[in-house]
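Input: structures, listed below.
Each of the two complexes below includes chain A, the first together with chain B, the second together with chain C.
What follows is the complex of A and B.
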């Protein structure tokens, strides 16, 4: 890692040059909600003035740039008695600007799942290798809980990370490509004062969290609470709409369908990102459904996120961005579900030795 | 036609309209890029939007519209007898559609409002499955041509015929739309069957549920959402009733 300082006006010049020459996506204001708050999404930008550098959070994550919501994995061409399969891994180089530390951690988690497993995804690899990531730090929102998940800072998974130290950015340069781009702009070595500012900035971020989720020992809690009534309680609220998984930066489960062309001369094998909360996620042939109840499906989403699956060496995949919590119309969010789970456990202990009744 | 070494004959198809705007039939003549391939699958026996020929020997009957007159009942029964497979398509055929608003008023009052003193032969609006057996349903106002093509291809190749079981929210989030509830609207997206690619909500128009309820929807939670957000229950009822797709839920006053 190389550390440099760039003034904010010079940084804008650098970003402007970058986005004018590359297909780039960055936070943009797309709407104003009913409370007058701006809504942001990662959208295509063509100049630096398109970018909302002071954005709060994007409603959806950046995962679909690496793992599209829908993609054709292969094409089949049929001839009279035979067929041919064509697979291409074409990915246009893109620049992603303004990802938060938690979003970059999410990309690292996806790398781990999709590239380090037994069957690495060449489609993901092609996109990942052609993605240039510029991260930017931020002060946490009141409901961010990435610090609880230890994803409020990030050391890897980006090309360039920018920490806001007032009039300048403290740059962490993690790739030769980023360094070569930056060489054409005015950058300087950090002074002792800059280092102090960076430490102060990090301290400020660390101490600005208002939401904490106690995740110590959570995997075993989840294991023990398999039959807990809280799954039914929260499941009864769940709309089965899949919104949580769509906005999540790490949900990667998908459905696969073969879609024959209307002329029957070919077919596409189409992958679509799915959600374990959708009613037919665990449906198999004969319409048998292993998880017919909302509560069961919701439980497995929490199991995958906080207990982990073998694909990911049983690591938790939630980064604490709370996009699911913000987007959920039924008001289901990780903090409340996990706290409820812990409360329930504690109340069980109270039941075992009840306090004397008040008189 | 050859497909992977299997040959299949063209599907003998008829398309029929009842009380409706014929917009769904027009949709079938749309989507020009795949229209030649689509027509190549079919032997059109009876389809007034596409051909002036009229034959009664069809295997598949596509039926559009709702049933609102006695002569329609008789015509539909004949079609059912002629067809091996009957597909109801469009929200009118599948649910009664926007025509069903008539059922909210006494029949004579509805007739007087529109036709004055002229005598008109009319019945309360019914969906196709209220009158004859329906084999498959393709909902939507109008239907999505891609979906109709996909289902026709499934019939031609003998594959499983299915509609998405999940609600519109999935497709809406995939298009990065701002949730219309966040913009203060009542949207039926969370309870409506997907497959439309969230076309209305992408244009910031709340979903009116033309594709009917998704599988196993959580209606009590949806109702709770509308009341928690202090949105109008009357507006919700009006939206639920718009296409007559949510009859089993709408009158739940709990």
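What follows is the complex of A and C.
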């Protein structure tokens, strides 16, 4: 990694040059919510003035640029009594600007799952190879808990990461492409003072987290608490809408469906992102559902996020952005569910021996 | 265009031109490409089940497709969808793949309307298999409930191909009523030529039915089990697993010598879509064949 300093006006010039020559997506204000707060989303931008650099958080994550909601994995063309299957990996270069540390961690987790498993996905690879990521640090929102998940800083998975140190950005340059472009702008080597400012900035971010989720030993805890009544309690609230999975930066489960063309001359085998909270997620032929209850499905999502799957090395895939908590219509959020699960056992008075005094 | 990010075309990489070989794990390949097959013959077994015989058209692809007993494949019916089906034929028959399919959903209903000669595609084989070598020189009990006989035919064919390597082989097979018994035309061959000790039972007997009536576990009274030297292969509805495996457990067969095949609706077969997840294990990658100890450890398995 190479570290450089760039002033904010010069940085805008650099971004403008990049945005004008590439298909670029960056945070933009798209609406205001019921409290009058702006709502941001990653949208296509054509000049630097379109970009809301001081945005709080985007409602949806940036995963859809790597994993669209709907994607044709292959196409069939029908001829008389026969068919032909065609597969192309289409991806044009894109620039993603303004991703937070947790968003970049999420991309790294997706890389791990989709490129390192038993059968790497060429469709994902094509998009990933053509994605240029510029990250920016930020002060956490009151409900962010990425520090608990250890994703409030990031060292990999981006081309360029910018830390705000007042009048300038402290740049972490992680790719030759980014370095080559930056050479054309006024950049300088960081001074001792800049290093101090960076450390101060990181400290400030670290100490600004207001929400903590206790995740130590959580995998083993979840394994034991499979039959906890907590799952029914929170499951009863769940509306099975699947919104949490749609806004989540790491949810990648999907559905496959054939979509015949209207002229019936061809058909697409389409991958659609799905949610494990949707009722038919674990349904098999003959209408048998392996997870018939809300609680079963809600629990499954928490298992995937906090226990991890054997296939991705039991890595926890939640990055702590709390997008699911903010988007949930039924007011379910990871912090409350996990704390509830812990409290339920840790405050049990029936068979409890007195806890050892805290030292 | 100094600041234009160069495009990287994955289509030009070698993998995009080669036929995928699903035996190579962790290799980049065209995982969505299927091997084109012709349906050579369709056998009507019962009102609900048909046996489809397929041949892979391309000789190279035919050679690539080698499977082990217990593995499954993804069957593509272009324009309709893709479904996981267990392979029901002999591993030594390279020319013909047999799939025993029940009419249960959208894709299978379409298959029931097709004629021999139609083209479909398969991807695979996927998943784990029965450890047939480990079972050599031992007794084997095969327990099938209903359509559970479909995945059990592959290990049965294997045993028949290597019959001298196995000791006593019992096959217990139960269905709801006599009309649902599958592969009855092979019973004589299995018993007389392959010396399989076959026992059948139905839950609801008809007037013509002369065999036994009751639950499948009642068939255990007909056979003697030597727990030290016996392996069990069980396949059927989840409720049957529990009763059968509990019984065998009580007889003293170690849990890691009982094998079951789980049913889930895979959408990819490759450990990506998460639809077949049991607890935190992929049925398509670590399964569908599990030993009973693993199944007991999987949350929500049965």
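Keep this in mind: the second predicted complex is superposed on the first by the 347 of 359 C-alpha atoms of A that agree within 3 Å, B and C clash if a C-alpha of one lies under 4 Å from a C-alpha of the other, contacts with A are read in each partner's own complex, and residues count from 1 in each chain.
The rule we apply is simple: a contact is a pair of C-beta atoms (placed from the backbone, for glycine too) under 8 Å apart; a residue touches a chain by one contact, two chains touch by 3 or more.
Note that the structure is a prediction, hence the values are computed from the model and not measured.
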item: First (chain B), second (chain C), both or neither touched by A:256; value: second
item: First, second, both or neither for A:199, with chain B first and chain C second; value: neither
item: First (chain B), second (chain C), both or neither touched by A:286; value: second
item: Chain B versus chain C as contact partner of A:224, first or second or both or neither; value: neither
item: Chain A residues touched - chain C or chain B, whichever exceeds; value: C
item: Partner chain in contact with A:139 - chain B first, chain C second, else both or neither; value: neither
item: Contacts of A:59 with chain B and chain C, given as first, second, both or neither; value: first
item: Which of chain B and chain C A:343 touches, first, second, both or neither; value: neither
item: Which superposed partner A:119 touches (first chain B, second chain C, both, neither); value: second
item: Which of chain B and chain C A:177 touches, first, second, both or neither; value: second
item: Touching both chain C and chain B, counted on chain A across the two superposed complexes; value: 78, 81, 83, 260, 283
item: Residues of chain B that touch chain A when the two form their complex; value: 1-5, 34, 37-38, 40-41, 149-150, 152-153, 156-157, 159, 165-167, 169-170, 173-174, 176, 178-179, 181-184, 189-191, 214-218, 220-222, 224-225, 228
item: Chain C residues within the chain A interface of the complex; value: 1-11, 15-16, 22, 25-34, 36, 76-83, 102, 104-105, 108, 117-119, 121, 263-265, 267-268, 270-275, 277-282, 285-286, 299-300
item: Chain A to chain C touching residues, read off their complex; value: 17-18, 20-22, 73-74, 76, 78, 81-83, 85, 87-89, 91-93, 95, 113-114, 116-122, 125-126, 129-130, 132, 177, 181, 184, 223, 226, 252-258, 260, 267, 269, 274, 276, 281-286, 290-291, 296, 300, 303-304, 307-311, 314
item: Parts of chain A lying in touch with chain B, wherever the complex brings them together; value: 30-31, 33-34, 39, 41, 43, 59-60, 64, 69-70, 78, 80-81, 83, 236-243, 246-247, 259-264, 273, 275, 278-280, 283, 292, 294, 327, 329-331
